[in-house]
Amino acid sequence: EDVTLQLKWVTQAQFAGYYVAQAKGFYEEEGLNVTILPGGPDIAPTQVIAGGGADVMVDWMPAALAAREKGLPLVNIAQPFASSGMMLTCLAETGIKTPADFADKTLGVWFFGNEYPFLSWMATLGLATDGSPGGVTVLKQGFNVDPLLQKQAACISTMTYNEYWQVIDAGITPEQLVTFKYEDQGVATLEDGLYVLEDRLADPAFAETMVKFVRASMKGWKYAEANSDEAAMIVLENDQTGAQTENHQKRMMGEIAKLTAGSNGALDVAAAERTVATLLAGGSDPVITKAPEGAWTSAITDAALAN
Amino acid sequence: MKDTLNAHQPVIEAKGLQLVFQTADGPVQALKDVDLTINRGDFVSFIGPSGCGKTTFLRAIAALEHPTGGTLTVNGMTPDEARRKRAYGYVFQAAGLYPWRTISGNIRLPLEIMGFSKAEQDQRVDRVLDLVELSGFGKKFPWQLSGGMQQRASIARALAFDADILLMDEPFGALDEIVRDRLNEEVLKLWARTGKTIGFVTHSIPEAVYLSTKIVVMSPRPGRITDIIDSPLPKDRPLDIRDSREFIEIAHRVREGLRAGHQDD
Amino acid sequence: MKDTLNAHQPVIEAKGLQLVFQTADGPVQALKDVDLTINRGDFVSFIGPSGCGKTTFLRAIAALEHPTGGTLTVNGMTPDEARRKRAYGYVFQAAGLYPWRTISGNIRLPLEIMGFSKAEQDQRVDRVLDLVELSGFGKKFPWQLSGGMQQRASIARALAFDADILLMDEPFGALDEIVRDRLNEEVLKLWARTGKTIGFVTHSIPEAVYLSTKIVVMSPRPGRITDIIDSPLPKDRPLDIRDSREFIEIAHRVREGLRAGHQDD
Amino acid sequence: MSRALPILTVLAGIVVIWYAAAVWMNSTWVYDQAERAGTTVSFAEMVPQTMTQDRPLLPPPHQVGAELWKGLFGQAVTSKRSLVYHGYVTFKGTMMGFALGIIVGVALAMSIVRFRVMDMSVMPWAIISQTIPIVALAPMIIVVSSQLGLTGRDVPKAIIAAYLSFFPVLVSMVKGLRSPDQMQLDLLRTYGASEAATFLKLRLPASMPYFFASLKVAIAASLVGTIVGELPTGAIEGLGARMLIGSQFGEPLIMWAALFAAAILAGLLIVTVGLLEGMARRRMGVPA
Amino acid sequence: MTALWVAVAVWLGAWALNVALAGSALARRPFGRLLVPLIFGATVLVLWEGLVRGLGVAPVILPAPSVIAAKIAVELPTLWADFAQTILKGAIPGFLIGAGAAFVVAVAIDRSPFLQRGLLPVGNFVAALPIVGLAPILVMWFGFDWQSKAAVVVVMVFFPILVNMVAGLQASERMQRDLMATWGASYWQSLWKLRLPAAMPFIFNGLKIASTLALIGAIVAEFFGSPIYGMGFRISTEVGRLGLDMVWATIAVAALAGSALYGLITLIERWVTFWHPSQRH
């Protein structure tokens, strides 16, 4: 059976589990022929899956829920990432010590569907994001950490597994930085999960395929967690740009393993509900306006983990 | 060719011809009440000040313009029918050779369009190149030839497919007097040899007198014929006929006709 | 103007003049061993087949080309110095009006460049427009005028600033015979009135004979002077002087000279 | 030699200015780092430190040169680390887009010249099409073409490249097909030539100089389009993907090297088109 | 499905109408020249609407024109703010600076054939640099706001205008230049009175090409970092949010702005180069 998986970003250790599952033949064992499509700056996985370009995709829950409200019935079938790796990294020299100090500062944020957790957090903090006085000035940050190095922003969005280390690599010591993990601020939202379209899930054959897919993928993830360096090398082999480095990927894999730890693939409904609550807390402009129904199912993971 | 025998048979007949151009500034009457009959084998020159409609008349004959009044027939047909029957060879003021074709290629062009066989094409190209003394230059491109040679090539092109009627619009305007004299002689020879009917536009009085059996003097605003002079000169004309009394008299009459047309300037 | 009195004083003197163009195909000898003296108030015509160096010689006088040998002086200076002293009025074959300026604006252009006052400019523009019979057309743009009118405007432009030496390169090439006759008469009048020194290139034998006090016949490959004919015609020349015996004789001599130059074709 | 000298001089000038700018721009970081470390650096100490940074604001020429060298010659050309390999991927995309652009441009130009209604209705929209940022359409092109069953990334990439390259061809060809003057057209009418003959024997050859002139612009546009298209198509391979990855992973040198590789590729393509043009012109009898 | 067939019928009908219009006398009047492309544009929209409805295309892939129009109506203030940021602050100043710089450089190198022969090939090279490579660098150098967008635009428009200017300065005919020489005109006199006016048709050619580049440049540069408004920001963000109606609304604004800029330059061109043969028929 053919399965096409659309990733949310370029080939990197963030997606190690799937590459490992493929390289180690876990998919093959299940009788699956999986095509992994890397993402990129202009690829919205939600749009790809809506257009029939993929069967299943990796995305963050806020983006998936927002798309669901827009009428694209996405359903979470598995959640390999138990914790969130997102944080805000600030230069200590700007004087920021607590979130209260964000007022009147410039913060770098990723958009393209990655902005929802940030907007919810700011709403919780009561900080306006439209640039009005007393609020924060938001920048759409590009793909790199330059805005922080160039001091164009006081803080930027970073992932524990990638951008944070780039700041460190650039020559700034951890002591010169102040970081705020969403996890610690109580505004964590669920990150990389697997999503499919609801109507397709109604087809038992497809559901069966997804069961196999999730089972193999989780096997891949657990292997990657346990064999972090090998997993990084597998990712590196799959990077066709040849621009990724061993260093980066090994370190990223190490950090990713911390996020997948404790997940067997089954969605922690409490965490999902917390995510929904965070997103609903957006004050006048919440990311989603009502609690979704049927946005996740345990049917697939239940079946996958049963045997 | 077939009818060369019955000369003096009218080939081109214009009766009350009118041609009005619609322009942004209003209508321009380019030709008014033009009556003219050209017989088979005639050599007719058109002379007149700039803008008097010489070119327009020639173009009307070749169905490149459409008269807005009167009648115009060519071999008893409409000009358009005659054009489709390939009755015309037309030589424009500038040589107008296609720069991307060699001289041979340029001459071959009408033959290709008219569907002559390859062998026939080759043979005709050779023949007319010879006729205008350009043998050996067939492989050159136009810009490699002098202005006079280009002009001869364009005449060769018009001759290649043996149209009955040859229309030439100031073909020698850009040439110097000596070259012009020589080409004049050659056109005359060619005409004598082929018996074609020729319409010829020029600004030069001596040229008109030297070449023609009939000189049509035109005047502008609106373009009309003011004088038609039948030349009494013999068909055989050495260059120094231009010093003869008869020649000078005709030239004088043409000049007077022209001057009259200019009076209203 | 100041020296109008001492006529017959040499204005332009060429001795053993050589001009070689370096081209991609090797050097082209455009002028070879040209010796010529032009006196103040002379009207000198240059005639010769295409490519014989007429234009090149005129351009060398105006410092637009630089001789590669021999000497050339204008009023005892180098041509370049004379140019900077604004000694020349130059009329090119094509009118060469600037299309973005009106006729007045075109005539005013050299005056602006030479720093005439605004009032002086207006007055001169009016005067020369009148001279070439274009009063009333000052506000038109060049493309709104006929070719002949454009040519007259370009002559007006060359006259506006009263240069001592007027160089004209086939100024009437594009005009019909009648207009040409009229402009010929006017150039003669102007020359008589102003006493300018005029260099004039033409392809027309009658024109050269009618206008000049001195006719320079040239021949090509390499460009050289084959004959210099001093005209015995009086300064005052009605148009019908062209039917006189003397005129025809000079024309004949010019024609012979030209024909000789063509022999090697 | 006489052609190379001016270019070399200008390049030398650029290199000098570039070094000066590199020192100036990269010095900020040196001073910042010194301040963070609580030390000070003199000018003489600063300059060398601007030449060797990992993340320079403006890498000096030798750094870019070294990275470029490594990318081009540091490994087998088939390796995915080789810029030659990625250059080839981009080149392939460029050529596909270029070919598609030429076909579309020429076909549209032909119908515009032939049919007045096409001229009046399509031409303004062709201009408008170029005011739409292609990157905005890129994601949709990908999705739509995958819906049409074209799962490969080559076709969307070629469409994006063609979108940019058809326009110069269209504009030039319209001009070129209309370049024959009235006399040249009238000549064929006196021959009673058919419309097809007029097109083949006159309009088409007369348009060739315009056509070739447009090709240089079109191939450069096609290259830019391909590189743009390499980001949303999954940033898998090609120079565009390397630029993105270089930027994303804080390796500006990778990005700069890819940028210069793209410029070199552009130069090669333009020169090649120029040579082809020269050959065609000679065959069509244009003086050298 | 019926929607599709209705749309196709409308398309065919309108096309027939256009064929008739283009052949009629109306086609020669400004009104007709505007009407025909507008009808064409309208039929494209109808066909698009029909396709989307008839084939049931998901709105997250391609929204119908009616949906886009509704979005434009609702979001006017946002669209205006984006327009002001990207076009008024980014594209237009960048365009003016780039054109000005090209002008100055063209005049500066005009007297040196050596510099020209060196600079122009290198220029061609730079002009072929992909904007997606340049934009991140310029954002890094000039910050997130409009300055970096203007810088991208400057780089993009500089060479096309320069190349055309240099060609234009050489466009005067030899005879026209020789005339200036016979009058003993200085360099600046012949520049102002001859060579610049003669260069105008070329310069406008360059400006027209540059105008579309300016727009694209300003928008694309926002993909690589921007404040949270601007047309490029809007497009890149809304694609990620599946707000395709807003994406197309912004594209419509971009096309409108681009056409307006192009049209404006064409008008000025007509006014300045009224004398050029291409401007009168």
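Lettered A, B, C, D and E in written order, each chain numbered from 1.
To be clear about the criterion, a contact is a pair of C-beta atoms (placed from the backbone, for glycine too) under 8 Å apart; a residue touches a chain by one contact, two chains touch by 3 or more.
As the structure is a computational prediction, the values presented were derived from the model and not from experiment.
With contact taken as defined at the outset, chain D and chain E are each touched by A. Our note on geometry: chain A versus chain B, Cα centroid distance of 84 Å, whole angstroms. Separating the CA-averaged centres of chain C and chain D is a span of 53 Å.
In terms of their C-alpha centroids, the spacing between chain A and chain E amounts to 38 Å. Shared interface positions of chain D, defined as residues touching 2 or more other chains, are 57, 135, 139, 143-144, 147, 231, 244, 247. Residue positions of chain B in touch with at least two other chains are not found. Multi-chain contact residues, meaning those touching two or more other chains, occur in chain A at positions 41-42, 44, 47, 50-51, 142-144, 150.
All chain pairs that touch, listed by label, are A-D, A-E, B-C, B-D, C-E, D-E. Of all residues in chain A, only 41-42, 44, 46-47, 50-51, 63, 66-67, 70-72, 111-115, 129, 131, 137-144, 146-147, 150, 152 touch chain E in the complex they form.
Those residues of chain D that touch chain A in the shared complex are 29, 33, 36, 54-55, 57, 79-82, 85-86, 135, 138-139, 142-144, 146-147, 151, 231-237, 241-242, 244-251, 254. Across the complex, chain A meets chain D through its residues 10-11, 37-44, 47-48, 50-53, 93, 142-145, 149-150, 166, 169-173, 176, 239-245, 248. Interface residues of chain E facing chain D in the complex, by the touch rule stated above, are 15, 18-19, 21-23, 27, 32-33, 36-37, 39-41, 44, 61-62, 114-119, 121-122, 124-134, 136-137, 140-141, 212, 215-216, 219-220, 223, 232, 235, 239, 244, 247, 250-251, 254-255, 257-259, 261-262. Those residues of chain B lying in contact with chain C across their complex are 48-51, 146-148, 175-179, 203-205, 255, 258-259, 262.
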